[in-house]
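Both complexes below contain subunit A, partnered by subunit B and then by subunit C.
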Partner chain A sequence: MKELNVEALARVEGDGGITVTLDGKKVKSVTLDVHEGPRLIEQLVKGMTPADDLNVIPRICAICTLSHRYSAIRGLEKALGITPPEKTQLARELMMLGENVESNSLHTFLLALPDFLGYPSAIAMLNDYGDDVKRALRLKKYGNHVMAVTSGRIVHGENPILGGFGRYPSKKALEEIKLKAHELIPDAVRDVELFASLDYPTYPEAEMLFMSVNAPKKQYGFAGESILISNGKEMNVEDYKKLTNERVVSHSFAKRSLYQDKPFTVGANARMINMGKRLDGQAADLFKQHYNERWLKNPLMNNLAQAIEMLWSLEHIPDMADKVMALEDPKIEQPTRQTGSGTGAVEAPRGTLYHHYEVKDGLIDVADIITPTAQNLDDIERHMKLTAERMLAADKKDEEVRLGLEMVARAYDPCISCATHLVRLKRV
Partner chain B sequence: MTKQSPKIGVYGFTGCAGDQLMILNCEDQLVDLFGATEIRSFVMAKSDNHEGELDVALIEGSISTEEQLKRIKEIRERAKVLIAIGTCACHGGPQAMKLGDGGYEERYKKVYGNAKINVSKAFEAQPIDAFVKVDMYIPGCPIDKGEFLGAVTKLVAGRTPYLYKFPVCTECRWKENPCMLYEGRFCGGPLTKAGCGAVCPSHNLPCVGCWGPTDDLNVSSEYNLLKEKGYNPDDVLRKIRKFGGANVAKLLKDIESKGAKK
Partner chain C sequence: MHKLRDAPGETEAGLKARLEGVAGKSKVYVLGLGNTDRADDGAGVLVAEALKKLFPSYSYSEHDGVEGTVLDISEKDGDIVVFFVDASELHAPPGTVRVIEKERIRETEITTHRVAVALMASMLEKAGKKAAVVGIQPGRIEFMGTVTAPVRAAIGTVTKSLANLMRAND
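Then we have the complex of A and B:
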């Protein structure tokens, strides 16, 4: 028996590896191993006030810090009977657009693209693809800036709180981000063209099931009260446990999810498949132009989906900034009860993120956090196994198989810190 | 220059990867940073990583598995200078907030049940200096771009970085923010190290203490002062312990021994 290992999966957030166990040419198993140490955050926030919880839980993950905060806010506001004012809602949507631009540009360019072009990192691409890398850095910096303007800081901003914001972004800051968004739209269009021109290998292809939140008013978006499943079903977020069925596996500190005993995928591709018809602007045109049947079975298409989504986010920032600045700053809405429960669901750039809370006499009694990567892990392993089988059958070298597997894992934009809360190829 | 470029390794342990992300967030300086130094290892950013002798090891995260413990010791052996970056590496971070309360096993069971996990034996998270010598601390949750780049620039030039030693209150004065403690809002500022630019008070929000305890802090006196002002001691403890982890636990012992608690 032989093992093919990727000891430390590079260009992902967190500490993981991949192990492929081979018996001759037969692939016995492929596992995505999470080495990241456990943190037990759900247990640590027990007994805290909801406000204190909001300080701690964004620290689960730096890349989806605002998604964690927003999901928790949605769950806790339901639990405490808080209805956020309109301006608060809009400013939250604006911060999510910023996070989407930041995270999607980081993942597509700095983490995923080097594989397709044959480089070890985006920095190594500078000589040959300097314009592309610099364009990506501009977009990323802009996304960070929108996050800072809305949340107070580029990472772990504390400004969004229950019932409102500590301080709303100023008119001047909003005008600036509006102007800059218009300037950067052509950059984002070029990114879509670049990602549409890449060769996406067929090895991982198989039928897939996708889930995402259902944004309200039949619009595309990153938060909602129900979950769309690509089989046509829809479910209330309060029933999240039926969708995610968490379980523990022996090779990882990250929990796993199955829906009706089957693995599923969350992320930008899932959002496009469930809500792509709701896109507008140039993003809609490019989506129509590049969408095809392969999106339904190839997880690598998530890279292109993220590029299109980044454009959509960018196109919506000016309008959202206008809406925010048109309204007077409301006062912070206070809890109307101290005991209750609620579930928040938002679309982090890498997929649906649930925060469920039960609050008793003003203190957190139960916290249940289900991250997108935890939901994706089973499907990542399924597509990696197919890739390993097909590449070995095609007599690919171990090095090529390793890269093929890493590309599948990376396409999911995994957040291992989140899930712990990645390639070893083992021949036995 | 290239021959003398300092060899740097960036490593992440248990945490949120926010400090490594902050390095990648230096978009305007990233190209220069990779040019002026030889980044030998940075797994989050690149796949051509080479281990070996290092001039500077930048460590993010706390230590919470046997495997990590082995690895941090091995990095320490081959690094001339080891810098803890971020609050988790410096103080243990949120995952160390209940360090030493004896409840770890029970919390672990509640999350993972009795399932067998054969990855590496886990234990309650602790800061880096619980296991190896740390030469420099750059705290922050996450680290501040300016403070980080300032320190790296000085190191590359062979000089000693200047790092903040005073509390957030000083930065609040610079920004002319009104003091929240006078408004009856408990603020972690007096207990917390500066470096963030007093970002929360500048947004009309009390400091959450995410930089960890400041140096040369007279905790006992500060604690009594807050108590006199009518703040609930239990709230104060909980607030400052959220990020300060292990080091706040030490401070608390000190307060208790001086009879300040309750």
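Then we have the complex of A and C:
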């Protein structure tokens, strides 16, 4: 028996590795081992007020900080009977567009692209692709700026609160982000063209099942009250446990998810497959141009999906900024009850993020958070196993197999730190 | 927290000499990194926040956006050095300070959450600027913990040394 290891998986967030166990040329197992320690956030917030919870929960993640905050807000507002005003909802959508640009620019260019171009890192790409790296950093800077304008800070902004915003972005700041978005759209178009021109290996290909939120009004978007499944079904977010069926595995601190005993994928490719027909603007044109059946079975296409989605987000920021500006600042809506439950679901850049709360007499009684990476882990392992089997059958060298496996894992844009928020380690 | 290869520690006088050696007569920018929610891990940000009061145009922290700040500095004219200040695993007692030049910064420090300091330093170098990391060994990095006494002292020493250099090279 032989083991092929990627001991420390580089260019992902958190501490993970890949182990392939081989019997001759036969692949016995492939595991994405999560070494990151448990974080116990759900227990930490028990007994806190909903307002305090909102200051703790986003600390799960420094890049999806607004997704965590927004998902928690949606769950808690339902639990407390709060209906947010229209301007609040629009400003929340705007902040999510900023986070999407920020995260997708970092992942596509600096984490995934070096593999496709044959470089060990973005640093090594600097001499030959310096302008592309700078373009990615300009986009990331802009995404960060939109997050700061809407939420108050680049990381862990506290403006979005239950029932409203502590402070809405100023007209001047909104005009600035509008102007800059228009400037950056050509950069995002070039990014889509670059990612469309890449050679996506076929090794991981297999039929896949995709899930994403169903954005309201038949539009593309990052939040919703129901979940679309690529098999044509749709379920209310309150049934999130039936969709995710979390379980613990021995080799990982992160929980796993299965839907009807099968792995599934969440993320930009899932959003495109479930809601791609709702895209508009240049993003829609480029999606139509580059979408094909391989998207339905190749997880590497998530990189191209993220590039198209980043363009869509940039194209929508000016319109969303206009809508926010057009409305007067409303008063903050207050809770109508102190006991209740509710589930929020938003699309973090790397997939659907659930926050479920049960509030009793004004305090958090139960918190349950299911992250996109925890949902994706089983499918990552499935596609890595196929990749290992097919590459070994094609007599690929160990180093090539390692890279092939890393490309699959990285394509999912995993956040291992997020995925390990709560698993108890039990040794027997 | 930044992970660095082993390097010798600095005394206060040694730190002054090392900073001056890297900077020469260049205009000094400071970019403080870290997570202030995690006790000593936020040492770099605390240094930058203290320096902001004295040199607001030359001091930045993680909260200002690392990549954007570096991008802006790389496009400025003139002789410039950027010191990234960060809690660093130096395998030394808490509060130990070391200056690590670009060549010694590990390149694998790029994650979903943060662009590698090595990439930032390489970009600056390509634009004709200099860069180095000022690493501070943390003692405690637990969530919601408080900054330990040796690291608090190191934050004071690094702030003072950088402020003197920024003043001299202004």
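In the analysis below, the second predicted complex is superposed on the first by the 421 of 428 C-alpha atoms of A that agree within 3 Å, B and C clash if a C-alpha of one lies under 4 Å from a C-alpha of the other, contacts with A are read in each partner's own complex, and residues count from 1 in each chain.
Basically, a residue touches a chain if its C-beta (ideal position, glycine included) is under 8 Å from a C-beta of that chain, and two chains touch if they have at least 3 such contacts.
The structure displayed is predicted, hence computed values, not measured ones.
> Sticking to the clash and touch definitions up top, decide whether subunit B and subunit C on subunit A clash or fit.
When both complexes are placed onto subunit A, subunit B and subunit C end up clashing with one another.
> Based on the superposed arrangement, let me know which partner A:Asn376 touches: subunit B (first), subunit C (second), both, or neither?
A:Asn376 sits against neither subunit B nor subunit C.
> Subunit A residues in contact: does subunit B have more, or subunit C?
B
> Considering only the touch criterion stated at the top, classify A:Asn159 as touching first (subunit B), second (subunit C), both, or neither.
first
> Regarding the shared-chain residue A:Ile123, is it in contact with subunit B (first), subunit C (second), both, or neither?
A:Ile123: touches subunit B and subunit C.
> Just subunit B (first), just subunit C (second), both, or neither: which does A:Asn302 touch?
In the superposed model, A:Asn302 contacts neither subunit B nor subunit C.
> Could you look at A:Pro414 and tell me whether it touches subunit B, subunit C, both or neither (first, second, both, neither)?
Only subunit C; A:Pro414 stays clear of subunit B.
> Between subunit B and subunit C, whom does A:His145 touch in the aligned arrangement: first, second, both, or neither?
second
> Just checking: does A:Thr387 make contact with subunit B only, subunit C only, both, or neither of them? Give me first, second, both or neither.
In the superposition, A:Thr387 touches no partner, neither subunit B nor subunit C.
> With the two structures laid over each other on chain A, which partner does A:Asn214 touch: subunit B (first), subunit C (second), both, or neither?
neither
> Figure out whether A:Thr352 sits in contact with subunit B (first) or subunit C (second), or with both, or with neither.
In the superposed model, A:Thr352 contacts neither subunit B nor subunit C.
> If the two structures are placed on top of each other, which part of subunit B overlaps subunit C: 55-63, 109-117, 181-189 or 199-207?
Clashing stretch of subunit B against subunit C: 55-63.
> Shared contact residues on subunit A for subunit B and subunit C?
Correct list for subunit A: 8, 10-14, 39, 59, 61-63, 106, 110, 120-123, 126, 137-138, 140-141, 144, 153-155, 417.
> In the complex formed with subunit B, which residues of subunit A make contact?
For this pair, the touching residues of subunit A are 8-15, 33-44, 48, 52, 55-56, 59-63, 65, 106, 110, 114, 120-124, 126, 137-138, 140-141, 144, 152-159, 161, 165-167, 248-253, 406, 417.
> Hey, which residues of subunit B end up touching subunit A in the complex?
Listed in rising order, the residues of subunit B that touch subunit A are 12-19, 21-22, 24-25, 27-28, 30-31, 34, 43-49, 61-65, 67-68, 93-95, 97-98, 104, 107-108, 110-113, 115-120, 122, 125, 141-142, 196, 199-200, 202-205, 208, 210, 238-239, 242.
> Hey, which residues of subunit C end up touching subunit A in the complex?
Contact set of subunit C toward subunit A: 35, 37, 62-65, 67-68, 70-71, 107-108, 110-116, 118-119, 122-123, 126, 143.
> Under the touch definition given earlier, write down the residues of subunit A that touch subunit C in their complex.
8, 10-14, 39, 59, 61-63, 103, 106-107, 110-111, 120-123, 126-127, 130, 133-134, 137-138, 140-141, 144-145, 148, 153-155, 413-415, 417
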